[in-house]
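Labels run A, B and C following the written order; every chain starts at residue 1.
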Amino acid sequence: MRPSVRIALAGLVLIALAVAVGPLLLGVDALEQDLPAKLAPPFWMEGALAGHPLGTDQLGRDLLARVLVGGRTSLLVGFAASTLACAVGIVVGLLSGYLGGWIDRLIMGLGDLWIAFPFLVLAIATIGVVGSSTPILVTLLTLAGWVTSARVTRTIVKQVRGEDYVAASVGAGAGHLSVLTRHLLPAVASANLVMWTFVVGTMVLVEGGLSFLGLGVRPPAPSWGTILSDGRELLETAWWIPLWPGLALTLTVLLVNLLGDGLRDALDVRMDDHA
Amino acid sequence: MLEVQDLVVTAGGVRIVDGVSFEVRPGEVLGMVGESGSGKTMTMLAVAGLLSGPARVAGGTAVLDGTELTEARLERLRGRRIGFVFQDPATSLNPLMRVGTQISEVLRIHGVSRGEARRRAAELLEQVGLGPERAGRYPHELSGGQRQRIVIAMAIALRPSLLIADEPTTALDVTVQEQVMQVLRTAQRETGAATVLVSHDLGLVAEAAHRIAVMYAGRLVETGTVEEVLGAPRHPYSAALMRSRPRVGTGRGPLPVIPGYPPAPRSRPPGCAFHPRCPVALDRCAKETPPLVGGVACWAVQDG
Amino acid sequence: MKTDRTGPRVLRAGAVWLVRLAVTVLGVLTLLFFLLRLSGDPAAVLVGPGGTLEDIERVRRELGLDLPLWTQYGAFLGDVARLDFGVSAYTGEPAISAVLVRLPLTLQVVGATLALALLIGVPLGMLAAARARRPSGRAITAGAAAAQAVPNFVLGMLLLLVFALWLGWLPSYGSESPLHSVLPTLTLAAFTVARVVRLVRAGLLEALSQDFIRTVRAKGGSRLRVLARHALPNAFPPVLAFLVVDSAYLLSSTVIVEQLYAYDGIGKQLVDAIFQRDYPIVQATVFVVAVLVVAVSAVGDVLGALADPRVRREAAG
């Protein structure tokens, strides 16, 4: 494994562990308000409070606990949405590439329109109308993300279909389902693994953006985006509130992209959507 | 006149060209033959300084008309003193540039004025049998044979003293191969360039070349005139190569094949690389590499 | 060869463009229409919590909300065709003009971002490709990767804090002067420049690996000539195609950045309208954005065809 892939994997595992078990070890409630302790700065500054190493927010809630718990939401939404998006993309791409003809043209034409439209605008409009919740967020993100995976899958299916071993197995009387699952699915797996990695990063970002606008996860449950949004109002007085979730988001996306780049090179996947 | 001495090309620590020496006189055509992977193309790319990827010149010298071809000098000599015709005309032209511009570019690079370059490009087009009106075309608007004529025009534009043609007709339809070869031979005669024709096609080489150099596994195994090498090959590999060549009118029996495969550069056997496949191999062949003496590199010939 | 078929070609490209415009705009607006109608009673929202049932009933009749959904949809399509999206529930001005008034502010930021992306991104990308194996090239590539990972709302807050609140060099919130657009532009440009650097680098490396590059070297072409005159034009069409798709992403980012800087473009207007349930504004914004997206891809197609004679011929049919 290349060093960059190893570093990225190790970093991501650490982040995942931290948000998964960190809050339990810490034993501090991320929602507990403590108004006398509000807006405490982080540990190296004057006026820092013991027990709040990263400081507190405007309601006196502990930022370390909030960033850790918020990471659960951000990562969970990111993972769930990218997994669903890739699953949908694989199915659509397999069908499109395998069936060909007008179905293929229709699906890909739709994908072209879909990918060209600023998704956030649509998501904002939708959430504004139907309200926000984690399932709605995941659904919207899935709708936004399926196209790239479908395109990559379809391209590969088109290539593989023409190859001898697939033609031979069709000639030998293999059913459609068997050809799809035994030959085509494995062929698209590595490209979709790389795809999925990149999409996790995108999803975490988009969730952050929506929550930042106040259209994502509902308070008081924190996510990195909502903490950033809280911090926006108090940027001048308490800049450390957005600092931590901002760092966490940036680091996560950086590591995910690093992993994606490394996997792409290692698996020798040509990814026309992510130069 | 081109003189190559002990040329070594390595890629990733492996010697893909291993001590090759030969010379080509002005006006002479040297046919360089061998199976794919024998190092014949690498040898000529190395001479022109056009190696790419992991391949590097690791030793030896090439001298053209008394000037040693160093990396720094080659930058100025390529196009002017050295012309190169590549294998696949489908990919060797810039798809976004008119072919006339691509021909005049070689002249412009070497200091010819814009108007003069354009005029010369039109002449060159006629010289390779295309009308000057083709100058405005893009490569995709021309056939494979026409594109290769464009590449030839670029190669001879400044009357080079060394012309290298690497499998110039391999990628073309059989029907146009002869025409393109004719253009190349005429151009070669007119410029009087020392010419190296790299090919796996013995028939083509027999017609076009004066002398032949046979390569196997990165080394020269035999050199000589066309009559000598084709008529009475001395190296067992050359002999096998001549026998495996399809000929008109020799019946429909199976072609004799050389048993085994040429070794990959990484797993070349010690001694003579051909000895595991050689019908007349001696004990010595597995231990010592035979030098090229009297035009042949074979212990069985030299000792026997 | 060059001119004789220009007429029909332009007509055909124009027709394709119009169809695409219609399909995109119609599809997006239809989706939005049904979402809005399914989400609850716009009449109740318009009347507000203080209104009586009679008030609501009256508004519903006035707006035609008591008619069957398909009739409403038909009327809606008719309105769209006349660019009539209704009036803003708050200011009472026609929604489409309310959006168009704000559009220049957004276009200013987006245009400046794209200009920066080309002026800085292309040369840096060339440098990164020319020195791909050397430390300087790797540094540019790594820097671009890092810049792409910083979310725009995080970078935006950082720039706001440092340059507006702490140093006081630039205005913080609002859009009264051209200076107000500097921070939003820089925020958007960081990602876009990085993206262009990576695209140009990848495109150039791909182009440099092609056979014809060796031909140019065989002609005696210098490294600069190879890179600028041969590799760059060949890298342009793929880079352009990516940028067209990315422009959708850029417009999305504009929404967040405008909201952050309280910059009065159509992005902030959209978010505000959502929170105020000002649906005419929402619809008009989505319409304008859809038209913009199709326009960008049409411009991309034209530039792509100009850059590649092979596409030019295909387009001619």
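The rule is simple: a residue touches a chain if its C-beta (ideal position, glycine included) is under 8 Å from a C-beta of that chain, and two chains touch if they have at least 3 such contacts.
Just so we're clear, the structure is a prediction, and the values are computed from it rather than from any experiment.
Trainee: Please indicate which chain is farthest from chain C, where distance is taken between mean Cα coordinates of the chains.
Mentor: Following the centroid criterion, the farthest chain would be B.
Trainee: Could you tell me between which two chains the number of C-beta pairs in contact is largest?
Mentor: Greatest number of C-beta pairs in contact occurs for A-C.
Trainee: So, what's the distance in Å between the C-alpha centres of chain C and chain A?
Mentor: 22
Trainee: Could you give the separation in Å between the centres of chain A and chain B, each centre being the mean of its C-alpha atoms?
Mentor: Each chain reduced to its C-alpha mean, chain A and chain B end up 54 Å apart.
Trainee: Can you tell me which residues of chain C touch two or more of the remaining chains?
Mentor: Touching at least two other chains: none.
Trainee: Which positions of chain B touch chain C when the two form their complex?
Mentor: 48, 50, 52, 75-80, 82-84, 86, 88, 91-97, 105-106, 109-110, 136-138, 140-141, 151, 154-155
Trainee: Spell out the part of chain A that touches chain C in their complex, as residue ranges.
Mentor: Within the complex, chain A contacts chain C at residues 113, 115-122, 124-130, 201, 205, 208-209, 212-215, 225, 228, 231-232, 235-236, 239, 242, 246, 249-250, 253-254, 257-258, 261, 273, 275.
Trainee: Taking the touch rule as given, give the residues of chain C at its contact with chain A in the complex, in rising order.
Mentor: Listed in rising order, the residues of chain C that touch chain A are 20, 23-24, 27-28, 31-32, 35-36, 38-40, 145-146, 148-154, 157-158, 160-161, 165, 198-199, 202-203, 238, 242, 244-245, 248-249, 251-253, 255-256, 259-260, 270-271, 273-275, 277, 282, 285-286, 289-290, 293-294, 297.
Trainee: Okay, in this complex, where on chain C does chain B touch?
Mentor: 1, 210-212, 214-222, 225, 230, 233-234, 307-310, 313
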